[in-house]
Amino acid sequence: MAREMWKGNEAIAEAAVRAGVEAYFGYPITPQNEVLEYMSHRLPELGRAFVQAESEPAAINMVYGAACTGARVMTSSSSPGISLMQEGLSYIAGTEVPMVLVNVMRGGPGLGNIAPSQGDYNQICKGGGHGDYHPIVLAPASIQEAVDLMPAAFELAHKYLNICCILIDGSIGQMMEPITLPEMQPVVRKEYDWAVSGAKGRKRHVLSSIYLDVPTEEKVNLRILGRWREAQANEIRFKEYYLDDAEYIIIGFGTAGRIALSAVRAARALGIKVGLFRPISINPYPYKQVEELCQQAKSFLVVEMNTGQMLKDVQAAVRNRVPIRFYGRLGGVMPFPDEFVHEIQEMVKNPGKPEDDPADLWYQRMMARGEER
Amino acid sequence: MQTEIFLAGFGGQGVMFAGQVLSYAAMDIGKEVTWIPSYGPEMRGGTANCTVVIADEEIGSPLVQDPPGVIVMNLPSLDKYEPAVKPGGILIVNSSMVDREVKRTDITSVAIPCNEIAEEAGDKRMANIVATGALLALLPVLTLEDIEAALKAHMPGRHKHLLPKNIEALKRGAEYAKKNARKAK
Amino acid sequence: MMVAMIVNPENLVYSRPKGFTDTPSHYCPGCTHGTAHRLVAEVLEEMNVLDKAIGVAPVGCAVFAYNYIDTDFVQAAHGRAPAMATGIKRVWPDKVVFSYQGDGDLASIGMAETVHAAARGENITIIFINNAIYGMTGGQMAPTTLPGMKTTSSPNGRDVETQGYPIRMAEMLATLDGAGYIVRRSLHDPANIRKAKKAIRAAFETQVHNLGFSMVELLSTCNTGWGVTPVQSLTWLEEHMIPAFPLGDYKIAPEVAALKI
Amino acid sequence: MPAKGWIEVNDLFCKGCELCITACPPQVMALDMERLTPKGYHPAHIVKDGCTGCAICALVCPEAAITVYREVSKTPAPAAAGGM
Amino acid sequence: MAREMWKGNEAIAEAAVRAGVEAYFGYPITPQNEVLEYMSHRLPELGRAFVQAESEPAAINMVYGAACTGARVMTSSSSPGISLMQEGLSYIAGTEVPMVLVNVMRGGPGLGNIAPSQGDYNQICKGGGHGDYHPIVLAPASIQEAVDLMPAAFELAHKYLNICCILIDGSIGQMMEPITLPEMQPVVRKEYDWAVSGAKGRKRHVLSSIYLDVPTEEKVNLRILGRWREAQANEIRFKEYYLDDAEYIIIGFGTAGRIALSAVRAARALGIKVGLFRPISINPYPYKQVEELCQQAKSFLVVEMNTGQMLKDVQAAVRNRVPIRFYGRLGGVMPFPDEFVHEIQEMVKNPGKPEDDPADLWYQRMMARGEER
Amino acid sequence: MMVAMIVNPENLVYSRPKGFTDTPSHYCPGCTHGTAHRLVAEVLEEMNVLDKAIGVAPVGCAVFAYNYIDTDFVQAAHGRAPAMATGIKRVWPDKVVFSYQGDGDLASIGMAETVHAAARGENITIIFINNAIYGMTGGQMAPTTLPGMKTTSSPNGRDVETQGYPIRMAEMLATLDGAGYIVRRSLHDPANIRKAKKAIRAAFETQVHNLGFSMVELLSTCNTGWGVTPVQSLTWLEEHMIPAFPLGDYKIAPEVAALKI
Amino acid sequence: MQTEIFLAGFGGQGVMFAGQVLSYAAMDIGKEVTWIPSYGPEMRGGTANCTVVIADEEIGSPLVQDPPGVIVMNLPSLDKYEPAVKPGGILIVNSSMVDREVKRTDITSVAIPCNEIAEEAGDKRMANIVATGALLALLPVLTLEDIEAALKAHMPGRHKHLLPKNIEALKRGAEYAKKNARKAK
Amino acid sequence: MPAKGWIEVNDLFCKGCELCITACPPQVMALDMERLTPKGYHPAHIVKDGCTGCAICALVCPEAAITVYREVSKTPAPAAAGGM
């Protein structure tokens, strides 16, 4: 199929349309506005539902309602907006209905800025909302990867009756790349045995997240956990680069991951046997795969555009087997490959000890650098 | 094989469009390509820059610290980005908007009056295309024909009539650059 | 034996509506939430739309509305029922979608969702229970609490200087072009209960005819929160609430009036 | 005078709130202090003749606990069942 | 000083008053209503500010405004309400102003129920809001401990210009215990060099969380991280029971921790050398202390009223040195000491291997039990 | 040389107000946000309260209002400025606390905070910039966008059937007892700019005299969002916005009127 | 040394208050004590239970699975909690509201007509106090004097006049229990 | 006829929006196409005699870029500086 140049946000929106999204509800926020704007003309023209909500809480609760009908439904937002959706997300998780969330991270905390960041990894993966639940989170590193994941996102949401989040940052949302879009799928409206549609010729369906009887709520929690454990077992996604003979391994997701690819190539050109492991499903996280890499890695370099949020997951997998080095840029700063190359060289010079605290050492380096300036 | 091009100017100088033309051309000849913008905080009249990366394999970072090819359309951009050009790289300066010389001698530079040349070619809004032609004359990552084809293929219908003029501007830019390039020492 | 004669199907005048389940309610004795539920059930039954209706339960004492009104139901986050109803209605434009909300839910935390659903002319129906207090959480001040009224969060009586004034939702929403049918009724006596039912019917007809947003504000009692007996609560409503929240029609779009309901 | 109407109060639903009792026009109802419902309330019932089957009690009952019968009357009373 | 019987929520409110809280903004939600209701009469009577906000987002943003004046200010809420506050909390963290949050957890996700739960540990400790920030979180296990921590909470918030959260659950909020309240402190309104008060005779103060210039935002992120690292170094709190000769160690916080105390005594009565480590500061977490316990512990039992959220922190500290067993109850179920005793006995029988996945084994046991029923 | 004579302090008629900083604005050329800022600065200066004023900046193009108006300032979360102002005012009842908000900020996401601040009779002043669009995020539809108006999220013009109708905030808030002063003015020509300034003065006087919530809705231009030139934007405002948002006084409490401002 | 007491009944039967009286008494004699309620979902008329733990040292769990002292004020509570009483423990049953015998024989139980005794003592609303007296007669964790003192110290002023009656009720409950206890086998 | 008034436009602030130019009653203003401000705009200035110092331009200027002078007049004009 022919390749076309697409802007990330618009490509994601069109991919959702082709994946059969029936309803979109959202609220403007940079850097994801193009998703909403694209939907505002595309969906009506297809006779599907588009509403610009009055706020993110309204948007996520419109999604909640639509999700209860069993339709393929989505919203998109960015950091502050995602924070405002946390109650709704928790209700959706607690009601066990499917939805897709496109989360375009920006610099924070607070109003911050609109530059690319990965500062919301913990929020989306570790529990932004209240209660025990785990959204499925996929972090593409390119526009092609993002559009390829879009149909999967809707299928995962329905398969696990869960939130499926496509996590990117402003740079992927704003950049253009040549891509091939997925085929246009017909909209299929199934009659789910849980969805509300008016109780015609069947017993009525009631969807709720309130369970005043605690033993029942415990069962529900276990049921949600059970589905999550299935997702953990079946839905691990990642991509490997130059790992066959790699003695040093960079781990980074999304934008940091693709920048690392450039760094790996540059370092290889310098004769360093380094490879890249790029998690795509960051929740569930590929712990096993990282653990296995411990056998070949002299040490790891974890790169993120935050203070080391995914680092904790890598540490959980590595468990002091191999030294880990960390490098992060903050507040919307997009690192250059050269910075990573430098880190790789430093790592090779001194791989450190498994007990080292990588975040601590990184902080020291950042401060030292700050003083130089 | 990977080449990076950085374009900088005021909003309204067509810097973003020029970058996109390069991207389309690269895509059409089967290359991998990324185009990424960066705007200043201002809503209007602020700075507008973009980076284009053209490669044969999956592209990593869409940004680079020292691009081998740089186009600056105004003085602030020259001041800010002259130091960034990769040693031995190419710097195209729109001399219509810049009244100073390029300082670096380790790079090949062209001071080209894009606005005037564009006007001669028929429309002063094509200064960006002139600069693009100039760059490609010295950085043969794409041929002028590739650009022509891309313009033909992707220019919105309502602008199609401007096609000949654009091609003219492209060529003039290239010619000027060949003649007036100040080679790296 | 007299009785035996009377008690036979052909003499049946009234019985528990079909639209009602057999679940005994969790409401306090004498709480008119039950009355409002019953009226909704009767209207949906009479309009013959029980099997195409989808209800949205609030967070409030009516959180379990779905246990009683016998239609498909969802249960919304506190105050977001209009948004949730919007989501459902946009997917199922031909279904009858309604929310049932208390004053804390609709007029406090849900203010934005309510106003914007009305402004959008969203084709949904809202049954708004104004009982001037937060029942479920134990009788705190509501946006509809009357000046001077004692609640667990206005222990010395609502002080308008620091705690503000009650909000008249019907009057406020009537200023919006998207609103098709906005009225206020009361549940404190037979005559008003009949009027309330008529209004609920009109509201649902508004939706069925795609004439925009419809809301019936119902003055309702909370004898527990008010600290009175069920019977006293009816008089309290009549004497204190009606003067502050005048009954009446606040917005009836011409097209709705034309329906002659 | 013979009863023209009759009501049955369902113990499952009645909570003894007395709204029907105060609303009943002929004032023929009262709580049955002899009996407790499963939920522990004294339910309402008819205590004297004169029920007209007007269904006002059913109209005000928040629990829809009352079934109403009226002699001869074939059409449902406007009160409760009455549509618009 | 004389002991008095107090209900948890009211004691906390009175302790805040005595700690000099100048303004309270909140919204009713069970099981924390008594805090708001108590403040609604107590603060006006003292001429301090009380507002019942229209919602939790409004409440937290009123707090945000008041915090910008440098006043001692607080709010309280429970799970769904805390989710709605996430954007505001992120702004407060990003603006670097102090506040105290009383977080009374209930069963979730969604509307859930009002029973005691610890399901929001991740939300409050790992990042509920967007961006890189870390609230200080203290988890008392008794009413006395809660009131003792209240003055400290305000001091920590001001010292670190951060959110300080007192994390409890409905049981501590609803129960009564005899306590001694802290001394009544006078309200002190300092003139901070950052607070807004009208620029009389000084250059004006501006408080914001927007930093469009990314290098500046990066510096701010590092500054916030720097303060957090100080808190990590200085503000670790915990309580130890029967640890001197303990061969087995239970770790639990808050209510689960105090229930564990009963279990430890019962197990000791059975001759088992078991002790209890109860973290009080759960953010920053006492990683070092747990790590040190690895030297004496044959194995750990982690108990929580969730699916194993703090467990991850224990694992991060233990790093496969010692086997860990996990036991959790969910959805508002409050475990009985006997359940823990049983777990202790099982642990002693079979301490397991350090590589075991405690959450996994626990889940298997729960399901098996479910089938039995 | 003539000029030289004229240009001397004693002939000074007007110069940049003291309440304004020397920072050049980030606004698009011709955006009347600047005009509104200037009027606020002039009024605060004339009332001599620059050193007791605390401003609350919104999320919107005016997010940097604090760079220009020379008082203490905070910057609120999107739509929450009235809540943040409430928090400040309750701690500093004697300071002059005001928020400056756009229509997306105040009337969309901030609807609940706005209505409730008014209902509470919160003693704060809100300068409400109604430019019928979301400027900062690139020209999406606002709750005040006119029917049929093209925006980046209503590309075929606002379709009232699916996207609803514009909200008239002044009219809506005027229904609330807590509101002391609610008016709508415009910034499109000299005469109206003068009227706008008078209203801003009256609003702040309302606050200073503790007469409750005050809001001045200012019809303002967004030439960038509207896709016209600055000069055209003034005519567009006059011809299209004023008919939809009639200028006038919507609520002036007797006590406020008595101030005779 | 730690003792746990569980009290159960309908809302309105004064179960919570009885538990609090025990707590105050325990506090006043310098013990550690916890009182924790548990309500049913109903807003009114539902079940109302509470657990009181009295101990000499810091109290762990405020709830226990098998309390040694249990008071049930109505039938549903008896059905539900009879099995929970610790073997050898005490079960006080308000026979005024319960028409069946206690089944278990491994515990000491008293079926006591609290309502009637309370009425004799002067106010039938004191059934809860009667039951409390009965329990303490058999579970000497606190003395009747401790309770008296607690009532004196903590009864809200407006109820002070009820004090003598309450003490009377307490004593009658205790006497009845001493006479009519069915000892554990 | 001699100038009664005069304005100064501050290049730091002026963005060439032309609002002052269209508002100026005697129509004596225009953009200065010869000059660019630091921000890259052509600033407004007076191009012919007749400025009355009415300060209307200053009143409409969104950037507060204009300083206005008027001969003899000692009291500030009602327009801009004018209070209430």
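As written, the chain order gives the labels A, B, C, D, E, F, G and H, with residue 1 at the start of each chain.
What we mean here is this: contacts are C-beta pairs under 8 Å (C-beta built on N, C-alpha and C of every residue); 3 or more make two chains touch, one makes a residue touch a chain.
For clarity, every value in this text was computed on a predicted model and none was experimentally measured.
Chain pairs E-F and C-E differ in how many C-beta pairs they share in contact, with the greater number at E-F. Among the other chains, H has the CA centre that is most remote from the centre of chain E. The most distant chain from chain D, with centres taken as the mean of CA atoms, is B.
Taking each chain's centre as the mean of its C-alpha atoms, chain D lies 83 Å from chain H. With centres defined as mean CA coordinates, chain H is found 60 Å away from chain C.
With centres taken as mean Cα positions, chain C sits 41 Å from chain A. In chain G, the positions touching at least two other chains are 41, 45.
Within chain C, contacts with two or more other chains are made by residues 27-29, 63, 75, 77, 108-109, 111-112, 116, 120, 136, 143, 163.
Within chain D, the positions touching two or more other chains are listed as 39, 41. Interface residues of chain F facing chain C in the complex, by the touch rule stated above, are 108-112, 115-116, 119-122, 143, 160-161, 163-168, 171-172, 175-178.
By the touch criterion given at the top, residues 2-3, 5-8, 10-17, 20, 22, 24-25, 27-35, 38, 42, 46, 189-190, 193-194, 197-198, 201, 229-231, 234, 261 of chain F touch chain H in their complex. Those residues of chain H lying in contact with chain F across their complex are 2-3, 5-6, 8, 10, 12-13, 15-19, 22-23, 39, 41, 53, 55-56, 58-74, 76-84.
Residues 50-54, 56-57, 63, 66, 70-77, 80, 83-92, 95-96, 112-113, 116, 120 of chain C touch chain A in their complex. Residues 27-30, 33, 36-37, 40-41, 44, 50-52, 54-56, 80, 110-111 of chain E touch chain C in their complex.
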